[in-house]
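What follows is subunit A paired twice: with subunit B in the first complex and subunit C in the second.
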Partner chain A sequence: MVTSQADVKRNGVQDYVSLRTTAAIIFAFSVFMAWFFISTDNITFIEWHGLFSGILMKVFTLATLVSIMIHVRIGLWQVLTDYVKSTKIRVVVQWVLNLIAFAYVLVGLFVLWGV
Partner chain B sequence: MFFAMLFVIWAWAVSVASPEGFEQVQSIMDGIIGKVIAIGTLSALIYHTLGGIRHVVMDMGHWEELESGNLSAKVIIALWVILTIVLGVVLW
Partner chain C sequence: MQLTVSIYRYNPEVDNAPRMQDYKLEIDENLDLMVLDVLIQLKEQDPSLSFRRSCREGVCGSDGVNMNGKNGLACITPLSSLGKGKVVVRPLPGLPVVRDLVVDMTQFYIQYEKVKPFLINDSKQPPAREFLQSPEERANLDGLYECILCACCSSSCPSFWWNPEKFIGPAGLLHAYRFLIDTRDTATEERLSDLDDAFSVFRCHSIMNCVSVCPKGLNPTKAIGQIKSMLLQRAV
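Entry: the complex of A and B
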């Protein structure tokens, strides 16, 4: 069996693991943010800006955005292959949605850059 | 949720960038629109997360018969309703 490492082809097992790993990261981020909003009474710009100014939080946030992109890429592929039977439409929708998810990461990167 | 992210990313980007942006987002969030979008998105996230956790449990071989599968689904829906209400109260 020829396995070519050159292409970015994935297999089911890799999707399975990526989906759950990214879910764990996103879940951790969501819980952290929920705790932040619940534990800080009145949030002013200083706290909000301060939260994202530390390098750790920047990495955590960007990791979450990348995780969302990967999670979306796999998850939406599963959903669309279930429901959108015509390949042409499905592929176009997938292409557009993955592009938007990628844009979310880039926006996040440059926002964090400026904090 | 994917399209709710559009609002979340925009609100976050604007609010972190500048104090004026922060005020703008804060005023939106205090308004009805912001609250509806927030609770809607958070409720969807809670449901998605509970479903995900249930799937991970099923990955480990539990809840795979008709009765247990059905029951765990109902429990998730009940939990989802409760958590959404709890979150709504906590946030406002």
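Entry: the complex of A and C
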């Protein structure tokens, strides 16, 4: 069992489940948006505003943004532990990328509740 | 017919860096030689050429090499399966080269050792003669016990290349599952605990190079998926 990781310890089972559940939410959101674009003839500000005005859509979008953040956090940790062997560089890169993912959620939150 | 074979050469005592050396060999067009036969003939030309081989019939797993970009056993790989043109033979990727086509398999064996590849049974009253299984229980081991530890799978796995000291690798995990589902083994919980981290099993991303190269036609990815399911069921 790998017990000494030069990083915050991660749980394999938890990551495995989190990656798949967040992927399912992201996929569902992508399919929904694709359906919206296909089924709406003329997309204007009115339709766009109407779509994101509903509380369910706000929650769905926020859940997707949070899912992307979790997915990115785990996925990039896996990629970085593969390719970046220097712990110092990896921790810095990971921190920056996690911060960007978190910023996406925050910005999304403001945008959504500004509608 | 003249065959051109390009072989990876590296002798750390003499060479500063590895190089590819081309050899020419006259072979009978009607014969479909195995790559090992070709290597043996080339060694007669150049005795300094080094490679491992033993049983020369796909049982011992000694002559795992990379042929035209794909890992396999030289003794059971016919030249016809490599297509026309030059044959390029390299050592198994991802493992340190000792000399020419001979690799250091220490890391591979360390990972194999981690899975405790032997039956553990702590029953208070062991049977007088042997632990019996039903034919159905025995059938569960088919597709698992046949592994000959040639390392073709693990050395073709990118996850093993990047984390050879943390990821068990397809060969080790195939053996781990072989003992996890053996009805005579009583250490299932201990075995799963040993594998329950972010690297040992979960570094497998189902790339399936292991399945593609296994000379025995085994499916390590499926076995790893079963271990993941067992770990998942244990966690919930």
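We take it that the second predicted complex is superposed on the first by the 105 of 115 C-alpha atoms of A that agree within 3 Å, B and C clash if a C-alpha of one lies under 4 Å from a C-alpha of the other, contacts with A are read in each partner's own complex, and residues count from 1 in each chain.
The rule is short, and it goes like this: contacts are C-beta pairs under 8 Å (C-beta built on N, C-alpha and C of every residue); 3 or more make two chains touch, one makes a residue touch a chain.
In this text the structure is predicted, and so the values were computed from the model without any measurement.
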Quick check on the superposed pair: does A:Tyr104 touch subunit B, subunit C, both, or neither? Answer first, second, both or neither.
first
Applying the document's definition of touch, where does A:Leu56 land relative to subunit B and subunit C: first, second, both, or neither?
neither
What is the contact status of A:Ser30 with respect to subunit B (first) and subunit C (second): first, second, both, or neither?
first
For A:Val17, using the defined touch cut-off, is the partner it touches subunit B, subunit C, both, or neither? Pick first, second, both or neither.
second
Would you check which partner chain A:Asp82 touches, where first means subunit B only, second means subunit C only, and both and neither mean what they say?
second
In their complex, what parts of subunit B are in touch with subunit A?
2, 5-6, 9, 12-13, 15-17, 19, 22-23, 45, 49, 52, 56, 59, 87, 90-91
Note which residues of subunit A are touching subunit B in the complex, please.
20, 23, 27, 30, 34, 37-38, 44-45, 48-49, 52, 68, 72, 76, 97, 100-101, 104, 107-108, 111, 114-115
Flag every residue of subunit A that touches subunit C in the complex, lowest number first.
1-3, 5, 9-17, 78, 81-83
Where on subunit C is subunit A touching in the complex?
158-159, 162-163, 166, 193-203, 205, 228, 231-232, 235
